[in-house]
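Two complexes, one shared chain (subunit A), two partners (subunit B, subunit C).
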Partner chain A sequence: MKLAVIGAGAVGRSVVELAGEHGHEVVAVADSSSAVVSDGTDGSGGAVGVDADAVVARKAERGIVGDGDPAEALAADYDVLVEATPTTLGDAEPGFSHVRTALERDRHVVLANKGPVAERYGDLRALAADSDGDVRFEATVGGAIPAVSTVEDIEPSHVTAVRGVLNGTANFILTRMAAEGLDYDHVLSEAQDLGVAEADPSFDVDGTDAALKCVVLANVLSFGAADDPADAREFTLADASVEGIRDVPGSVLRLAAEDGRTVRLIGEATGETVRVAPRLVPENGTLAVSGTQNIVQIETTHAGRLNISGRGAGGPETASAILGDVGRLG
Partner chain B sequence: MPDGSSERGDRVSDARDGAPEEAADAADPAADGGHDPAPSTHTVRLELVDEPGQLLAALQPIANNGGNLLSIYHERGNKTPRGRIPVEVDFEATTERFEGIVEALREEGITVMQAGTERYAEEITLVLFGHLIDTDLSDTLSRIEASASASVADVSLAAPQGTEEVSSARLRLEARSGETSEAIAAVREIADEKELRVVAPLVGVEA
Partner chain C sequence: MKLAVIGAGAVGRSVVELAGEHGHEVVAVADSSSAVVSDGTDGSGGAVGVDADAVVARKAERGIVGDGDPAEALAADYDVLVEATPTTLGDAEPGFSHVRTALERDRHVVLANKGPVAERYGDLRALAADSDGDVRFEATVGGAIPAVSTVEDIEPSHVTAVRGVLNGTANFILTRMAAEGLDYDHVLSEAQDLGVAEADPSFDVDGTDAALKCVVLANVLSFGAADDPADAREFTLADASVEGIRDVPGSVLRLAAEDGRTVRLIGEATGETVRVAPRLVPENGTLAVSGTQNIVQIETTHAGRLNISGRGAGGPETASAILGDVGRLG
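Presenting the complex of A and B:
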């Protein structure tokens, strides 16, 4: 498949680097200000893709991916648009317009950007229904963990709930607080030094990121179980009940530990509700994954409970989910 | 054991024995993951007044409501501080009938201390945090106690920064069977009003 990768952050760059290993060519790459589009050859008459190493090097050295305009990448001759720009809320722009452009051209879309699937799922489904292109978004939930495709395989009507630990930053902080008896501020600055938390950690520690993932799952469950998409309930971030971990004092973790429990930021999605909050879980239980690990627990009607844990973030991890989606389109 | 009680127990037990076989024969796929109709063993701990006829009075509601008596541990020499005699009764019953039995025992005025393998009183552990002391912890606890679905069994308080700062309390609640979610909702409501936060367990996910 020929890929156009929009967004050249850690995820977009990893897709550019790993696409070849998965048997795909990247024919266009864009970031917010520049683009490179393959002219069909690499000069030696062989591959049709852009030079992945050159793109990554240019981005690192000059902060751009090429000399073209980003619009050229959207107009390029690709089979699949990989949308890996930063998640935006509300109208989910500019990501949503990128998706629209691709679907209107009857091309497939693979999203790593949570905005369009969390904030405008109904619009997205409507566009996809009118297009020969399909939309996939495994990378929006739990990084490398195949959460969406597992729910699809079981069929959303046979899944009663999906819950889990969906934010590695918050989980790292809670794990360290419990293990070392440290308070939130201390562990946060430690996490920032390690690059586990961003300078502004709000998105992670306030539960927004986990909530968006749960909203995506709630949409998958709701639309997947409805006979007619028009009847499906659409979820957005506004429908989620969200509590973060910012105010959780160390004494909560100590009291929990005295009783063989610990605290995890747990997100839960059903076809009816979305909730993210710090919850008590058994200290050695399945959901008490450590550090930046994530886990997704799927509650099914006929197949019991499934648990999938793994890396919930990271360039190559998320790129693996994206390239898995590309494979499913083929 | 008096004959009447035993006969009744057997009769009901026969009727009940048929139920799970029927369910199995029907092989209803919708039963998957649903309510299990098979009887299981339950234990109730009762406290009886030390008077003649009390044991019989306690066993009758069990037999009359479809429980199949298995064993009775009647420790006459070991009285509670209130001078009552603890008795442990094991019996088989479906979950549905078990609830009816516990209800019937209570209606007869018998003190049920503990009921369950599947306990009658479901335990919920949760942690509250915030300005617990400033917002009158004892009032918070009595309001939880006053809510219909739960009673407070145990409280551990941690106020490492002193009583005026944020503190935490671990509560062990006992909720009526099947009312765990209601009990947690009641705590949330009280906590919201006092701007306290609740770290609740995941109901039914303890595995």
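Presenting the complex of A and C:
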């Protein structure tokens, strides 16, 4: 398939680099201020994509992907628009408009950007219903972990809850606090030095990132199980009960350890609720994944509980989920 | 979709019972000696399936599913043939012929029967290539665990190995031996009393069942990664190096525990090898699942390691995988 990649951060660049290995062509790439569009064919009618290495190098050296305007990428001849711009809340712009443009042109959309899926799920479904294009968003939850597609295969009406450790930054901090007996501020600094936490870590440590992922899952469960999607409850971040890890003292972890337990930031979604909070879990139990690992636990009606753990973030990992979605398109 | 279910054991019966919840109609059911075929429509052209409860009750009371001949089920008007007869080795009959009949009629096939996929993968692919019908077989590996579809989504060429605990009977025995300090024969008897092990347990405890699942995975990796499937190496059970658990003494488990380890029957498949053997693993590690649980560990080139654990067997669990496959058909 021909891909237009909107967003040239770690995820977008990884999609550009890896698309060829999956048999796809990247025909356009855009970041917030620039674009590059391949206008070539190979002489026998086949599409020729952009020069992936050149695009990535240009972004690294000059901060732009090309000399074109982002609108040119949105107008290019692609089969699938990959939306990998930063997650924004509320109106989820500009990502939502990118998605709308593609769907109004009857093209497919694959999202890594959580904004449209968490904050405007109803609008997203309405656009998809009126389009010949499909919308997929595995990469919005759990990086390399096939959370959304597994819920989809089991059928949302046969899934009673999805919970897990969905943010690697918060999990890394809690793991290190427990392992070293250090307090939050100390470990946060360490995480920032390692590049595991951002200069402003609030999105991760306040539980917002985990909550957005749970909102996405709640929307999948709610709409998937509804007899009539028009009646389904739509979730946004505002519906989530969210508590982060800033107030977890080192003493709680030490006390927990004496009891064979530890603390993890656990997010849970059902078709009715979304909750993120630090919770006590068995030290050697399934939910106590370590470091930046994520785990998704799916409770089913007929098949018991499924646990899927792996890398929840990263350029190649998230690109893997995006390209898996492209493979699943019609 | 309209399903013909061939095989009325625990798995076949669960498919008959659960198909309706997934929006499918069961139009025919067969066991080794009988069949029932729905000949009805609902007056508006829609298909009417068999009476699921009546079929299951009839099988329980009289040992047959109906008064028809199995050939009638194979000749019925269905979209998907579900092959859920017992796994047989070598020529994989009669299951292979059921699959061939359906594909020659350009119908889809979904297998729980490992025989055709492990022992005649090349023949199976050839039939599928000449048919308008597709072949899927998630249910042949890991019960409710989405092993095959996850490898498919990541792409076989991006998977370097798949390993795990793939047989719940053997795992239950090893778990109990370690937990109670009991020897193999004692725990085997307990497992048989519980219905976790069969009267003749060899298929499970000798590692054959786990090996067949690994052979299926090796075929998926080998053919999936080949530039030209005609050149791909085909695996059968004969290619597997297999060692079971009969000779694991209680003393090994006790020694292992002193070192924070335990023993699990681990199967591993790559595009080049298939091995099943008891292995020492960390006691609290990912591979040390307990009881009848299974775990599948997928090593990827771009997304690190994925671990998926859950119920590896059972009627509803395996039916869930079958119905997930039906949902994924064209």
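Definition applied: the second predicted complex is superposed on the first by the 322 of 330 C-alpha atoms of A that agree within 3 Å, B and C clash if a C-alpha of one lies under 4 Å from a C-alpha of the other, contacts with A are read in each partner's own complex, and residues count from 1 in each chain.
As a working rule, contacts are C-beta pairs under 8 Å (C-beta built on N, C-alpha and C of every residue); 3 or more make two chains touch, one makes a residue touch a chain.
Since the model is a prediction, treat every value here as computed from it, not as a measurement.
Participant: Is A:143 in contact with subunit B, with subunit C, with both, or with neither (first, second, both, neither)?
Facilitator: second
Participant: Touch check for A:278: first (subunit B), second (subunit C), both, or neither?
Facilitator: Only subunit B; A:278 stays clear of subunit C.
Participant: Could you figure out whether subunit B or subunit C reaches more residues of subunit A?
Facilitator: Looking at subunit B versus subunit C, the one contacting more residues of subunit A is C.
Participant: Have a look at where A:319 lands relative to subunit B and subunit C in the superposition and call it first, second, both or neither.
Facilitator: second
Participant: Contacts for A:153 in the overlay, against subunit B (first) and subunit C (second): which applies, first, second, both or neither?
Facilitator: A:153: touches subunit C, not subunit B.
Participant: Which partner does A:71 reach: the first (subunit B), the second (subunit C), both, or neither?
Facilitator: neither
Participant: Check whether A:57 is in contact with subunit B, with subunit C, with both or with neither, and answer first, second, both or neither.
Facilitator: After superposing on A, A:57 lies clear of both subunit B and subunit C.
Participant: Looking at the overlay, does A:247 come into contact with subunit B only (first), subunit C only (second), both, or neither?
Facilitator: Only subunit B; A:247 stays clear of subunit C.
Participant: So, A:309: does it touch subunit B (first), subunit C (second), both, or neither?
Facilitator: second
Participant: Tell me the contact category for A:256 with respect to subunit B and subunit C: first, second, both or neither.
Facilitator: The first partner, subunit B, only.
Participant: Would you tell me the residues on subunit A in contact with subunit B in one complex that are also in contact with subunit C in the other?
Facilitator: Overlap of subunit B and subunit C footprints on subunit A: residues 286, 302, 304-305.
Participant: Provide the residue numbers of subunit B that touch subunit A in the complex, in ascending order.
Facilitator: Subunit B reaches subunit A through residues 29, 32-33, 125-127, 129, 156, 158-160, 166-170, 197, 199-202, 205-207.
Participant: Mind listing the subunit C positions that touch subunit A in their complex?
Facilitator: Within the complex, subunit C touches subunit A at residues 18, 21-22, 143-146, 149-150, 152-155, 157-158, 284, 286, 300, 302-311, 314, 316-317, 319-321, 323-324, 327-328.
Participant: Spell out the part of subunit A that touches subunit B in their complex, as residue ranges.
Facilitator: That would be residues 163, 243, 247-252, 254-256, 258-259, 261, 263, 266, 268, 277-282, 285-287, 297, 301-302, 304-305 of subunit A.
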